[in-house]
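In order of appearance the chains are A, B, C, D, E and F, and numbering begins at 1 in each one.
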Amino acid sequence: MVYLTRVEHFNAAHKLWNPSWSPEKNNEIFGKCANENWHGHNYEIHVTIKGETQKETGFIFNAKRLSAIINEYVCDKLDHKNLNLDVDFIKGEFTTAENLTIKIWEQLQPVLQAESVQLHCVKLFETPRIYVEYYG
Amino acid sequence: MVYLTRVEHFNAAHKLWNPSWSPEKNNEIFGKCANENWHGHNYEIHVTIKGETQKETGFIFNAKRLSAIINEYVCDKLDHKNLNLDVDFIKGEFTTAENLTIKIWEQLQPVLQAESVQLHCVKLFETPRIYVEYYG
Amino acid sequence: MVYLTRVEHFNAAHKLWNPSWSPEKNNEIFGKCANENWHGHNYEIHVTIKGETQKETGFIFNAKRLSAIINEYVCDKLDHKNLNLDVDFIKGEFTTAENLTIKIWEQLQPVLQAESVQLHCVKLFETPRIYVEYYG
Amino acid sequence: MVYLTRVEHFNAAHKLWNPSWSPEKNNEIFGKCANENWHGHNYEIHVTIKGETQKETGFIFNAKRLSAIINEYVCDKLDHKNLNLDVDFIKGEFTTAENLTIKIWEQLQPVLQAESVQLHCVKLFETPRIYVEYYG
Amino acid sequence: MVYLTRVEHFNAAHKLWNPSWSPEKNNEIFGKCANENWHGHNYEIHVTIKGETQKETGFIFNAKRLSAIINEYVCDKLDHKNLNLDVDFIKGEFTTAENLTIKIWEQLQPVLQAESVQLHCVKLFETPRIYVEYYG
Amino acid sequence: MVYLTRVEHFNAAHKLWNPSWSPEKNNEIFGKCANENWHGHNYEIHVTIKGETQKETGFIFNAKRLSAIINEYVCDKLDHKNLNLDVDFIKGEFTTAENLTIKIWEQLQPVLQAESVQLHCVKLFETPRIYVEYYG
């Protein structure tokens, strides 16, 4: 079993806000991330697949095809977007790094499975100092 | 003459939009950066000062004091903010990397001058692949 | 299960020395790391916790709180210190990257457990080219 | 159990080509990587070993010795070489990142085992955006 | 005057060889870079332009257009190529980092000038530890 | 005129201390850097030379030779050393990043001049967030 990772990126705005809480409670819990006018990040995403190398190519899967899938199903939907307002698959939910990573997994897993590729891990850097990993 | 640089960072939302243009023209010129619901970045700022080393310290200026000034006059005003809506010194103007770098210079230069420190350069990374330098 | 990592850093001096060995043997085994007058590093620490996202926040744990804990229990005790002389929890033992990583785990694990947080991994970069991981 | 990683690098040329396919099929599957006149990369290799810390040193294994082994058995054989033509242990096979990582594992594993060191992972960056991990 | 930099990359093979020298002399002077079967690098290129911000956009020049120019006139011609054999504008000359940087400048300068953009610097990383800057 | 930079690194211990001041004043001015038992850094040094490309090589100067000079005259004298106690060319002076950069310039400039090479800049990273540049 070999693991192959492709790195992509997208830039987006978001805020952390619990609508059932008062503004004071939101500020207390989410701090500056609760700024009503949004803030944003340069997100970096590492998508790791696993499998055996194929006899005809030496690949477990074509990295260019992997890149195309990540861009079509994830980055194109998130890049230069507002995660809370513009993105079908997360709007209405907390746009924390944790949730975003899970949602990205849910976008990619069925597409990769349909190509007989096993998704191993989605790793998302919100900043160079905060990152999340999800293995399904 | 020696040059000392301190690196700091802030995360912010913004959009690029010319209100005197149609939405079509804004999209044509600014592309995805014109998304009405904002996007954002992890900005990294390099502030370079120049001077001669002081006899009593071997410093040209205390890097901790430099860091405190950058945070008070720049990062605290920009971090987790919307550059177009929340920041007194740039709202109403284009929040391009170029303009933001000039505005940051204008924030820092008088404060540093008041401490007899010569500002040399402000370098701003909007993403790891786009950065701006301004020397006054 | 989701994994969240926070990155922090500290700068410290140390040396590698076995007091039961001759200076010659110390130099043979530890090489330049045995320099009696110390050397030092910019250490970078990655602390990974795991858990499920909470319904009220979308967090597994507040990253700001995680950062505060790492700083209080680890970085503040190690930053700008001599690991062999100044740090209660490692002095008298080998200050190798391996031991330091284990000791940092032992500092963090009970504090995080008291907040019902599961520590997954401590990863410590001694230099950009040497790093250690410990999972308890 | 503690995990220690040493990072090394080498620069090499290669191409991806299946000799049983037509040039058209090679170009279709391998794209630009099939350029008959080669292309190349700055490869970065992370070698992770695992073990318990030794009483006399606090090391699981001497990182300088680990570095020397990686250089003797891997980097010296690959650095400034053509992977398809010059390297005994991979020539005649696909020089994909996947295969190269497996071959590097096979070079290192017996040497490390002979020194009673347990190899845990070989991680190879072909570019900053594509990397492979292999655990044997 | 403001300086804007766009970073792009390409992967290529090359060798350093003086055809008027013996193989021995080539090996003596160019070392491993003279390997007859080529080696290669992940090159990273920083293209810096300078100018004043435009009233209608706040840009000195559209970074997306700058990226498109760099890709059309430089990266597309160099990526996954053999610099000595495949690239019209450098083949037959030494493919040192110095020469390559000058040649890239000569490709970009007239194109940018035709768009009234002033090229300031081309900076080329051959590896993370060797880079060249050229200002015309 | 072309500029060529070579990056090297060394790890060292130091402290900032003015012996004509009280401990209180040292702590007030130098903060944690005044810790009597030392602290340390992974220093990264960028040495930039300038010149014209040579007809026989396409080099302005052989980067391997430049690396060897930097290591012989700088890194070997500083690596795994205590800057205040072990290093002839800075002991007795403030080991600030500013002074260290100037002293490194003074080590390199005559050696490079003797090889007819023009030193342009020494850039020293004390941490990833503090760096100094000196142009003589």
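One rule holds for everything that comes next: contacts are C-beta pairs under 8 Å (C-beta built on N, C-alpha and C of every residue); 3 or more make two chains touch, one makes a residue touch a chain.
Treat the numbers as computed from the prediction; the structure is a model and nothing was measured.
Note on connectivity: the fewest steps through touching chains from subunit B to subunit C is 2.
Think of subunit E turning onto subunit F: fitted on CA atoms, that turn is 120 degrees, to the nearest 5.
Comparing B-E with the candidates E-F, C-F or D-E, the pair whose contacts agree for more than half of the residue-numbered pairs is E-F.
Relative to subunit C, the most remote chain by averaged C-alpha coordinates is E. Our note on geometry: subunit D versus subunit F, Cα centroid distance of 33 Å, whole angstroms. Rounded to whole angstrom units, the spacing between the C-alpha centres of subunit B and subunit F is 29.
Annotation for subunit F: residues 31, 128 touch two or more other chains. If each chain is drawn as a node and touching chains are joined, the picture fits none of the line, ring, star or complete shapes. Chains touching one another form the pairs A-B, A-C, A-D, B-E, B-F, C-D, C-F, D-E, E-F. Listing the residues of subunit F that touch subunit E in their complex gives 1-8, 48, 53, 56-60, 62-64.
Subunit B makes touch with subunit A in their complex at residues 9, 11-14, 31-33, 35, 37-42, 79-82, 85-86, 127-128.
Subunit A makes touch with subunit C in their complex at residues 16, 18, 29-31, 93-99, 101-102, 128-135.
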